[in-house]
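Before anything else, here is the set of structures, which you'll find just below.
After this come two complexes, each holding chain A, first together with chain B and then together with chain C.
== the complex of A and B ==
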């Protein structure tokens, strides 16, 4: 095909399903990485199980949200690896696939494969906490929102790296600081009162606070609830739109 | 080596390997500050979480656990460096061809990674002194010496485990998961962040096969965190040395230097 024969512009989200399933096949061969994705949650659940078994329900809900949050770390690693090590993103993006389909296909493929440990955590949570259908659906919606946020963060961050060896350090720093320090694995009430608004503005802890409030573990004021819901919705939407914009812009090389 | 000496008489066949690796370690963290911040922060993140969910009396024990866990994680770093240099940079062939032996190479990488861990260990030592004084278990000179000795044994043991595994890793994508899984699971199985008695019986039995368990019990005993008689402490020390010696011998047999 001659260059002049190429279509002038690519349809939005073109090639999404094809790249999503490609990514599913790639990720499905990464059994070790899949096991590693559960390490921090596993460690914290062990801590809670041994030292404070009464908090196991809170920790399990937190582990579900944290697991979807750390999928962003996988997106970061994969996007950087494909670009830096394989230099394959140029090949993918030179084809008819759109940049946003590349980002969403990668994030979606990772989600499909890494959903298994989340489902196991969900089953454990249902056994320990006895969730109602409404509570279960709320946790599902919160986890999905956190995933959209973290996948967007992961993809945007991946474009800044020039060296694969440094990625894990920054990625581990970001996802642990925002996923473990704030009240995700422990009750919101244990977090210092002065810093609670900050925690409600961080998507993983905002989602955890809403989930804990729905389970009756934490009492949130109307203002706190609005801050958590509003912050989570606005931040996720804005970041997702920015990730789409950034995916298109980085392809153009502006 | 004799042939090399006769062919290239001007090329030095001895040198200062450890200072060279020290510079490698320092350059790495000075160019990537997050690399040194991450191992400092991770034990603190765990400690912060533990301080929220566990009784304050356990804090000195948890800090000791964080120090031993940090030192154990050097294994993961050694694995990462050694495997990256071999697979990505193809540097190991050059080291094999040089006068550097495999043991000095192991100590060199272990030493360069120790540099990145020292800030974390220094801060945790200060925190241990503070928390110990508050909880009635002060950091004595004897306790400190036992702590340093145990950290030294774990440094040698886990660095050799790291380099032994690294020589068997085939692709770069395996490096991070293999290191993380191996060393985190080993750390969690040992009673680092909780007393041995708090573990379920079967778990206690498994933990007794791990050298880190005896390092933890020895330091806890020396600092008075978990009561232990002099005889018990000698017993823990002997078991630690035995487990470490067995571990080093096994991993050095696993370790492929020039032939792989």
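== the complex of A and C ==
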């Protein structure tokens, strides 16, 4: 059976597992990038430990969410780099592999390789915070949601650049402004009250606020909780669907 | 599957960029490629070759016109055409952090080939491209030519029915180029069709059954390399260094081109004797050789292929 004869649902993910494995191999050969992937989180955790050891649990949960959030930055850099410098889009997409598989394979490969720091942080969190199973599962679900959001943002943004050098500044700015500045590494309650709705509309800090509330570190009003959960769910779903559409749309230039 | 691998009718592409006048990259290109043929698009930089190839390989939308791959409309139903094609992109590079063996194998798997087939074809392609020795080295440690060979290996290993090769041998040494040529010939013997772009005239001549000369987005001439050479008006080229001043004397023999103080005359073999006699009488040294594709290109396009 030819690929073109396959039903759409099957065709949409044609080549996904193979391309995911390709990306795992590519990333796994970059030992230095893997080794430094925990740098920002590590430094912030050390600061928190020295300055306010009581907040280490909050910071650890924040570091988990931040780690999955920065995977979007890797998707952005990788997708743009291999498109601009290697013409990998042309090689892979002028063939039977689907654009959805290209996007999800790349994001999935990066997730697999950079999951190790998240697992380490998870173990540390369990030791420091004594998570219940439910709290652990909730943090896992939040981290996964933040990953979907950031991978989608990363892939969509990657298509706008024509020069790799331009990406570094934007990537760094975006992921640090959204991941470090809002209350991800510190309690939501310390964030200025007037700006809290804004923080709850930013997926990393919304996820952190929900996680902190579940751990009893932060009190959220019903309205704030609804905004955080609703905003996170709606933004992530819409952005993911748009990323899928955009992946298809940008196979061909105009 | 139809016997026509590719057909374009009056294909146009206009690039529109903000703040710049529109650029017409293709101005109505019509061409056909039969199944099993090797066809070259020959042209200077910016002639429209890559634009045509990108449209044909479903990576760029045309402004107007029609293009079909094995009967499937590339613009309307690109997903139907894609399983039949594979492309070596211009300036494409393998993943630097994969070895050539990983690159070829994973690419074939991503195209849906089984593990066994992918493994066998990977080894075959690496051997054909002379990459076996480097197969387990990361591509980042390979030379530019070796990386290009890895790209070609990746694509020829697909054995796709229609292969688009955009400047496939760029950066390769002469031996590697010949390996690629042989691999391409083998593919067409097994039923694949090749459409390649090149600005190497020897490559176009050695490799293609037919050529399309493209200039400013238009097909100026098409045919075999011999057809093109015959279009010059003769099959023999006589070079007379220092003969430029005798342009008028020699112009009745055939097409004369002055280059500095040298005079080149394209003639039929029958008139060669007369020219040689006249050259001797004029105390000129004469070099005689066959007309090459370069002369044909120069006559058709009006400029050398390397001239920008």
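Throughout what follows, the second predicted complex is superposed on the first by the 243 of 254 C-alpha atoms of A that agree within 3 Å, B and C clash if a C-alpha of one lies under 4 Å from a C-alpha of the other, contacts with A are read in each partner's own complex, and residues count from 1 in each chain.
What we mean here is this: contacts are C-beta pairs under 8 Å (C-beta built on N, C-alpha and C of every residue); 3 or more make two chains touch, one makes a residue touch a chain.
Nothing here was measured: the structure is a model prediction, and the numbers come from that model.
Of the two partner chains, chain B is the only one touched by A:46; chain C is not. Of the two partner chains placed by the overlay, only chain C lies in contact with A:94; chain B stays clear of it. After overlaying the two complexes on the shared chain, residue contacts for A:216 are found with neither chain B nor chain C. In the overlay built on the shared chain, the residue A:85 is in contact with chain B and with chain C. In the superposition on chain A, A:30 contacts both chain B and chain C. In the superposition on chain A, no contact is made by A:192 with either chain B or chain C. Once chain A of one complex is fitted onto chain A of the other, the partner contacts of A:166 are limited to chain B, with no touch recorded for chain C. By the touch criterion stated above, A:55 is placed in contact with chain B alone, chain C being left untouched. Common to the chain B-facing and chain C-facing surfaces of chain A are residues 30, 85.
The touching residues of chain A, when paired with chain B in their complex, are 30, 32-33, 35-36, 39, 42-44, 46-48, 50-52, 55, 81, 85, 164-166, 168-170, 172-173, 176-177, 180-181, 185-186, 190.
Across the complex, chain C is touched by residues 2-4, 11, 14-15, 18-19, 21-22, 25-27, 29-30, 82, 85-97, 101, 105, 251-254 of chain A.
Taken in their complex, chain C has these residues touching chain A: 54, 57-61, 72, 78-80, 82-83, 85-98, 102, 106-107, 109-112, 138, 151, 154-155, 158, 160, 164. Touching chain A in their complex are the following residues of chain B: 32, 34-35, 37-38, 41-42, 45-46, 48-50, 52-54, 58, 84, 172-174, 176-178, 180-181, 184, 188, 193-194, 198-199.
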